[in-house]
Amino acid sequence: MTPARTKSFTTQLQVRFGDVDPAGIVYFPKIYDYLHEAFEDLWDIHVGRRYYHVLGEQQIGFPLVHSEVDFKHPMHFGERPIVKVTCFKLGRSSLGLRYKMEIDDVLCVEAEMTVVCVDLEDLKSREIPAEYRAKFQELLEPNA
Amino acid sequence: MTPARTKSFTTQLQVRFGDVDPAGIVYFPKIYDYLHEAFEDLWDIHVGRRYYHVLGEQQIGFPLVHSEVDFKHPMHFGERPIVKVTCFKLGRSSLGLRYKMEIDDVLCVEAEMTVVCVDLEDLKSREIPAEYRAKFQELLEPNA
Amino acid sequence: MTPARTKSFTTQLQVRFGDVDPAGIVYFPKIYDYLHEAFEDLWDIHVGRRYYHVLGEQQIGFPLVHSEVDFKHPMHFGERPIVKVTCFKLGRSSLGLRYKMEIDDVLCVEAEMTVVCVDLEDLKSREIPAEYRAKFQELLEPNA
Amino acid sequence: MTPARTKSFTTQLQVRFGDVDPAGIVYFPKIYDYLHEAFEDLWDIHVGRRYYHVLGEQQIGFPLVHSEVDFKHPMHFGERPIVKVTCFKLGRSSLGLRYKMEIDDVLCVEAEMTVVCVDLEDLKSREIPAEYRAKFQELLEPNA
């Protein structure tokens, strides 16, 4: 039997000149910008709805409540990391997304980011709308 | 006769690790962050009103309409530039602020930033309120 | 006779969530990040040599010495500005690049950025290498 | 008997205009910039040695290897969070620092950041120099 295969959303980043520190290595706070960029791409391309429409028209947001990040290998100016996004948790209102940043198959960063679906008006948590849930379901890891 | 002396608002910045490029020199877009920091300090300390109160409570803003910046000398990680702010133009609604960033009396950056006072509701220009005008008047250059 | 047509290098940006201020408008220092992004794209795509190779392998850089920027129209979260780059000055070592950022044919930002070719070792100005000069020549404005 | 009291290093930040998103809340990647700012302050003020001297003169660095962050309460434009830094782990070469960001005694962010002392030349881990170890020891939590 072949093992279950996890579908991922994959996108590509580029390490810009302004992202690296004097050692030529990506300045760590910039990594979190990359994670948000990948999150926006996930909405635009995989979910098929631009995140700013979700915010602006639906008045729904997904603020971060918890992050765990491992920095395994430095990334350098000019490199173009691949980011693979999968879903490690899909609750009623909470959503756990795993991001793996790779360069030439070397895992540089692995991040688990937990966001919660909220109404923007009062920032109270609410159920993830079914149309979005279905999209995140597609990225669910076998053991999730 | 002694020449007219220009009063300036003076504040100090710090070049942080994340501000410099691989050559150890401040990445130029960061300079504009410094200029906005000095602008916020100008409000907080010289005008005596926090800029976010101006925005949030008075619904008045000062968006940038024109900038001219000379980069004369590089700034490095760990340096603590002094910024001197004077006023080179004070119109009905427009305000021209000059920023000089110095390290050990070496002029590193000189910037002329022209902002316009607007109502935030419709972004239309409006007269600079008298209480603020008086504060900027104090910084007016002799030839302005 | 048809007037001379200026060839431009054109690239597209995207206004990210982290780029806008509480009014939903691009925070002005971020504009200079966009200008550097367009500059890096100009190298990668038009010149055909990645800017980080120029820096790292040739030990040549193009630091900014003067900028003039007009902010004509605000840009908002989710918009995707087009940037057109032309050359308004091409000296022995100095290079003047004009950037026009447009959204739906509305000119939002126009910038003139003057950089100087330097040896990275001593930061002294040097002649722009002929292979690069030819590429910038292609973007020269008729009146330049 | 009074319980053991943990000594902390305390510093204050300011939420700048450019740090907040359209909802007026600190954009989450910016939080990691704050953490690095507090880390630099820890060196400058508590350890008594500027971090850039450590990097530049001693050729020692402390890159991040793991982060865990809880986002408990949003922070807004104009607020001035207090950051308290303690040490939850002090190994041979690894150093675990806990950061608590508070506004009016409300805990907004809690972060555990694990860095490793390395030689900058080859990025290999090395023992934390004794003079620094003593300083981090002072911040050690009772249960660490």
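Letters A, B, C and D mark the chains in the order given here, with residues in each chain numbered from 1 onward.
In this section, a residue touches a chain if its C-beta (ideal position, glycine included) is under 8 Å from a C-beta of that chain, and two chains touch if they have at least 3 such contacts.
Note that the structure is a prediction, hence the values are computed from the model and not measured.
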{"item": "Pair sharing more residue contacts (C-beta pairs) when A-D is set against A-B", "value": "A-D"}
{"item": "Fraction-based call for chain C against chain B, same above half, different below", "value": "same"}
{"item": "Averaged-CA centre spacing for the pair chain D and chain B, given as whole angstrom", "value": "30"}
{"item": "Inter-centroid spacing, chain D versus chain A (mean Cα positions, whole Å)", "value": "24"}
{"item": "Intercentroid distance (Cα basis), chain B paired with chain A, Å", "value": "37"}
{"item": "Residue numbers of chain D (touch at least two other chains)", "value": "17-18, 22-23, 27, 29-30, 33, 36, 77"}
{"item": "Touching residues on chain B, where the partner in the complex is chain D", "value": "16-18, 33, 36-37, 40, 50-53, 56, 77-78"}
{"item": "Footprint of chain D on chain A - complex, ascending", "value": "22-23, 25, 27-33, 35-36, 55, 61, 63-72, 74, 120, 123"}
{"item": "Touching residues (chain side chain D, partner chain C) in the complex", "value": "17-18, 20-24, 27, 29-30, 77"}
